[in-house]
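Next up: some structures, all given as structure tokens.
Both complexes shown next keep chain A, but they swap its partner, so chain B is in the first and chain C is in the second.
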Partner chain A sequence: MINWANFISQVFNGLALGALLALISSGLTIIYGTLGVLNLAHGAMFMLGGYAGFVAYQATGSYIVAVAAGALSLLVLGIVMERVIIRHFYGRPHEDQLLVTFGLSICFVELVRFFFGSESRNVPPPGPLSGVVSLGFAIYPTYRVALMGIVAVALVVLFLVLYRTRLGMIVRAGIEDAVMVDSLGIDVYRVFMVVFGIGAMAAGFAGIVNAPVVSLTPEVGEAILVQTFVVVVIGGVGSFPGAVLGGLIAGEIISITSMINPGYAYVMLFAAMTLVLMLRPHGLLGTPGRE
Partner chain B sequence: MNADRLYDRSPRFVIELITAGCLVAAPFVLPYLGAAPNTVNRILVWGLFGIGFDILFGYTGLLSFGQSALYGTGGMVAAYLLTRAGFPHVVTALVIGMVAAAAVGYLVGLVALRRTGIYFAMITVAIAEVFYFVEFNPLSEFTGGENGLPGVPTPRFDLGFVKLDFSTGWSLYPFLAFCYFLGIVVALRIVRSPFGAVLRAIRDNPLRAAAVGHNVHGYKLAAFVIAAAYAGLAGGLLGVMQAFMPPDAFMFETSGQLVMQTAIGGRGTLFGPLVGASVWLFLQDFLQGTLGLGASWKLVLGIVFVLLVAFLRQGIIGGIRDLVRWLRHRAAPVQEVAAEEAAPIVPADRHVAPLPAHAVSHGAGGEPILRASGLTKRYGGLLANADIDFAVMQGEIRGIIGPNGAGKSTFFKMLTCEVAPTSGTIVFEGSDITGRSVTDVCQLGLTKSYQVNQLFNRLTVRENVTIAALAELRGKFRLDMLRSLLNVKGLQEQVERTLALVGLTARRDVPVAQLAYGEKRRLEIALALASSPALLLLDEPLAGMSPRERVETVGLLKSIALGRTMIIIDHDMDSLFELAGRITVLQEGRVLVEGTPEEIKSDAKVQEAYLGGVNEDLAA
Partner chain C sequence: MSNSKHSPTRRDFMRLGLGAAGGLAASGGFIPRVFAADQPPIGTFPAGVSGSSVFIGIAVPRTGTYAVQGEDELKGWQLAVEHLNSGHPLMKQISPKTKKGVLGKEVKYGVADSAAKPNDAVQAEQRFITENKAVLMTGSTSSAVAVALNKLAQREKVLYVTGISGSNDTTGKDCVRYGFRQNFYGQTAAAAIGPVIVKAYGKNKKVAYLTPDYTYGHTVTKSCQDYLATAGWTTVTNQVAPLGAPDYSSYLLNVANSGADVLINVNWGHDAVLSTQQAQRFGILDKMKLVIPYQIPFLAPEVGNNLTAGVYAATDFWWTLEDKFPLAKMFVDEFRKKFGYNPEWGANNAYMSFAMWADAVENAGTFYPPDVIKSFEAGRKLQSTVGEVYIRKEDHQCVRPVIIVQGKKQAEMKNKEDFWNVLEIVPGEGLMQKPDAFGCKLGDYT
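On to the complex of A and B.
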């Protein structure tokens, strides 16, 4: 017999995880869509955001400062990384881009391990958001409820940037046809740099706001990266709405399967991905010819 | 170690002999260099694992991050048989593990190869993660979960007169070295086979590989299964080597380490993974032990790897090869600079008999070889082609002209089945080919030379033509992976004739990247020609050529037209009027008019289409 209260709280969990995955995947998918580079270091950036926030929290004790530090330091890192390394790989085959970002992800993980060790670190939730709250069907940690709101706001901000600003218009045009954008007299490389920064920031922000829920280890990004890939395959590469939809689907699959048997969470996730690949090879909201 | 060229000039078996020599010498030499036997054994297992991966990545161009799944599968199956199931025979268990991994690889490949490029990479990552979780949880009864499977025995052979017992360290080494040697011998045969040639073509240009008539998906799947088999065997050997099958074989890190070792050593070399593994394990020993860096040795490794990918793209072996070439070049400068203009077609070449076209199944009676009816292509709101009725008779040379944007290239893409028409049918030699694949259509004898060169850029001129000729001689898919390319009947003859016909015989061993533009255009035509098509479509064959090259190419086209039907798109009216018996004029996606060159020249509608009515103004 299914325990309904348990079921509903798992659905709720799935929503929280889904929103988080949606945010991280949006970063990955707009980077790929615009620059044509699949960033295998995206998971490591999620992890770095958490650690940057952790350092800021240690120094100031303020959650707000920690979140700002996590997001902004990744924005800067993203811009620097695009300038110094990624830029030289636009003209090279996809495999080289995968190799170099994979190498960078190892550097990031090992760098963090070097400074912080392998033991887990914690960033506590801010005072007003600690404790638990009753949602009627279940008692729930307050911060998890708040997290959903925080991530939802971040997604809305990202949406507004992408769909309501001049930069967003250029980015979306670039996803359709970067060469065309370039020939319209827009400095495509500057756009690339900004997009990489924003994508990295999305991962970093997600990393720090998620830190109070899951303790930080250098490996925390690895599992997230895999889930992000599934989200992007399900949603369709280069599609922001696809990343959101795919994130929510993946979050629910993981949560609900975990309730029955955690060992099968990935199997179900993978089954869903296979199903999408069979029925809609370009993803639920993807466009053919974008890869 | 020049395993990446199809036509290797070195004597036969030289690489095999050198490999055997090195493997035999290793246990006598390496101890003096301070190498521990277990490290050497480990390098061999990684090297063997990497051979298959290199066929997949270095030769076929498919970067998989999921090889750990197959490595683990092979290892677990073999270890399970030898420990829990009480299976007595080690070698048989290893083979069963290998077959199991290959079978799993086939199923995984069916899913992963539905998409290419980065999608493929992402899907393989996801698959590897699934296997990891399945191994740990639902299947832990069989795999030992996080404890793995301890007690894997080592192989013993009782040959009657002598008992061979391979236990551990140097005494296990001969067994592993033999497995590695076998793996290399088979892999060398694979990469030198016609099958291996097609894999390289897919790596360089999958679109063209399909267009010259190879079943790209089938070959990719086969490469994936080969890689899986190697992974499975290596996984089994890992268990034997450690007397324990560790569950972390399934971890993503295993896949990552394999990818990095292959890239470090040099992809597309077969020996790259072995070199990479040596570097990896040596660095680990050196940095961790000698320098006392502890766990942070991986940070150094990561930095080294990033620098290597950035600056030494073909890895250590590739770097050495480039260095050797450079030194040789300096020692004996060869005039190998790309010509400013294409070398002229030597007059003698003109006498080469053109290749016979595909036999036509029925007489050249009144039936056209190709008939398109009501062909329409719509891209969203844009009508590229509208209701085109078009027929070409056997042996005809048809020209197609029309202003830019008239839909000429779209029309060609529909005829070769690169794009499916929105409506309408295409009948070629009496059979309906609408909706067939470009590969099938090429196999039937209809192919195209592209407007923008679609060549296999890392291969030489001769290798390019070989790829196209193989499609005709072997059909669209064949698993002849142990056969030598040199033994394919009629291949050399067909390749040489094609090269002579387009005047590239003297440039046969030049990589495509060093060709002049005009030569590339001729190679583009040669690729279409090498499969002996009955109907050849040429999309702007004269585009971008100098006047002299144009004259030569027109001569070339005339000579290949014998016994063949051709349809040519070009903007060079004079050349086209000289070549074609009839001309079709397209405008705004429709057939404007059709007729002999004389009729077209004097047609008022054509003049208006090109000159926009200026004519009347002038006449007035």
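On to the complex of A and C.
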């Protein structure tokens, strides 16, 4: 279905999809880049943020409260996870980190299934943002348009934290050389805890703001996790701007390919990742030498 | 702290992450429960019937896109086993020779989570065959699983009755001598619902399809296209999406820009829930009529009856058939008593498939698989929850009615589960293709 109206619609939709992927991926890349921990529970944390928000929405009927609950509960969970479990794995092989986060992810998913079942749960968009809006070239759900703004604000806040604060400076220094940061007398463990919490909060926030777009199920984080890995690889491991760029590229690939042949939308995403790895192994905005 | 852990490399990320992320979906439970004649040994016979019990292996999705429907199916099988072992009057109505158990042997079963993945299902069933000497396999809710288990059944010479499977291929080009299907499928769904929607919406309409990218989706969409072409309906777009797609926006934009009059959503399970909800949010359902050719259990409560009100759907069973068929009433009552809700069609299909197997074994007088198959193929008419049915010997497809329903508005619902109004009960005979039309070659008995 190739025509200009559809093309512009799909480009716009790609931006919307990409923005969300960028937000989720930024949490993943910050954690991996700083702590060196490959967090396979990131998708489950995205799901938990959605369910935490759902519970809050059921109790209060307020979208704002739901978003706050989704983000803050994951911030707390992230800090607890780091303190109780993750920190014991900093000195362990990557495989151990991978197994423990994978195990946590299974526990989170099955706990949610135990309490909520497999049926989908809905968090409706707030009243003023429900319905559709005419963009001239397409009719588009109002909430999805608003979501682009919400995600953009969240990404700007993350950017400011990472690039305009002392904490951010330490985090970025830690990504480059954690041993040096450690030897400068900075309590890196404390920073790590905060970083893990922020990464978890980004996932939780994405989970709840995305809840009115998709219906929640215990597996909602599974498919998105694979995509976020692709985004991080395309953008560059440990690179926050890379996660944003990678997310937008991934969103556009899925959207535009589906216009030409929907059956290849996700195949093309992996083809693009392969291409990036061949031509620029450290990712588009990653640091050379990290391959 | 080693330097390496703080200077993660892209290679580490790729090695650890992508490989493991791919394996994320591979989790699954495995909960075997138990264990189990003068013909030559074949398959698990006679080892599987040498004791006082026989074993059935059930591989059903309890996680993933089809988890909700899988749980309902499982309850149907559980009720059937209970009724077989107790010689319940409902079971005796369907399988008149049943006393207690099957040929006097207690029926036991094991359950594994297939997650609707063929590999998981085959591994689970292979284990049930090897460790438990299963005399019968069941499972699916995905035709990809049904086709894979068909092939396993034929190779291992162990009988298989499908769970939910809507692909024409299951009893078409991928049919096997050892496999049997009770429920309706693409061809019969299209032939039953086609005249209803043509009558409702007129001729020469433009149609957009949402199709899941595997055998079920392809064949159901094809059957709908073939039938509707006879009324001048044309396909303006067919959006093929992978099973478990996390978002349908890009597909729905194509649909929105297609100029279609009717949206036929072939997606199933959670995919159907998500795509239908998102279609509404894109304003598509205000412009196009929604049709569901292969009804999805629990769709209406999950998306809300405001989206299903007025929607036409084809299905295998709906609980209000209890007003028309005595056995349906017995089944619904028993199911509701045990599980606290009205059964969906997956549960009914599960119950019926075990009852039909029991009838075949009782009439064969043996568990010897070739004799049980011949008993199935005898064309005996059975009383069922939707009237008289039988297995067609040429392709092992049950000849049974297809139920056409239409979604009720909130004001029309008599209780919170009263989502669909039964419009028609279309007899099966006239809906089915010729036995060889889809390339069925059943294979050998031994």
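Going forward, the second predicted complex is superposed on the first by the 287 of 291 C-alpha atoms of A that agree within 3 Å, B and C clash if a C-alpha of one lies under 4 Å from a C-alpha of the other, contacts with A are read in each partner's own complex, and residues count from 1 in each chain.
Operating definition for what follows: a residue touches a chain if its C-beta (ideal position, glycine included) is under 8 Å from a C-beta of that chain, and two chains touch if they have at least 3 such contacts.
Being a predicted model, the structure only gives us computed values, none of them experimental.
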item: Partners on chain A (chain B, chain C) - clash or fit; value: clash
item: Residues of chain A touched, compared between chain B and chain C (which is higher); value: C
item: First (chain B), second (chain C), both or neither touched by A:I85; value: first
item: Partner chain in contact with A:L17 - chain B first, chain C second, else both or neither; value: second
item: First (chain B), second (chain C), both or neither touched by A:P141; value: second
item: Which of chain B and chain C A:A200 touches, first, second, both or neither; value: neither
item: First, second, both or neither for A:M47, with chain B first and chain C second; value: neither
item: Chain B versus chain C as contact partner of A:A56, first or second or both or neither; value: neither
item: Touching partner for A:F114 - first (chain B), second (chain C), both, neither; value: first
item: Partner chain(s) touched by A:P281 [first = chain B, second = chain C, both, neither]; value: both
item: Contacts of A:N3 with chain B and chain C, given as first, second, both or neither; value: second
item: Doubly contacted chain A residues - partners chain C and chain B; value: 32, 38, 94-95, 98, 102, 106, 113, 118, 222-223, 225-226, 229, 232-233, 237, 262-263, 265-266, 277, 281, 291
item: Parts of chain C lying in touch with chain A, wherever the complex brings them together; value: 1-14, 16-18, 20-22, 24-25, 27, 62-65, 67-68, 71, 213, 237, 239-242, 244-247, 249-251, 253-254, 256-258, 270, 273-274, 277-278, 281-283, 298, 301-302
item: Complex contact set, residues of chain A against chain B; value: 32, 38, 85, 88, 92, 94-96, 98-100, 102-104, 106-107, 110-111, 113-114, 118, 222-223, 225-226, 229-230, 232-233, 237, 261-267, 269-270, 273-274, 277-278, 281, 291
item: Sites on chain A touched by chain C in the complex; value: 1, 3, 5-6, 9-10, 13-14, 16-17, 32-36, 38, 40, 43, 90-91, 94-95, 97-98, 102, 105-106, 113, 117-120, 122, 132, 138-141, 143-144, 174, 177-179, 182, 188, 213-215, 217-220, 222-227, 229, 232-233, 236-238, 254-255, 258-259, 262-263, 265-266, 277, 281-283, 286, 290-291
item: Chain A partner contacts - residues on chain B that touch it in the complex; value: 57, 61, 63, 65, 111, 114-119, 121-123, 125-127, 129-130, 132-134, 136-138, 252, 256, 259-260, 263, 295-296, 298-299, 301-303, 305-306, 309-310, 313
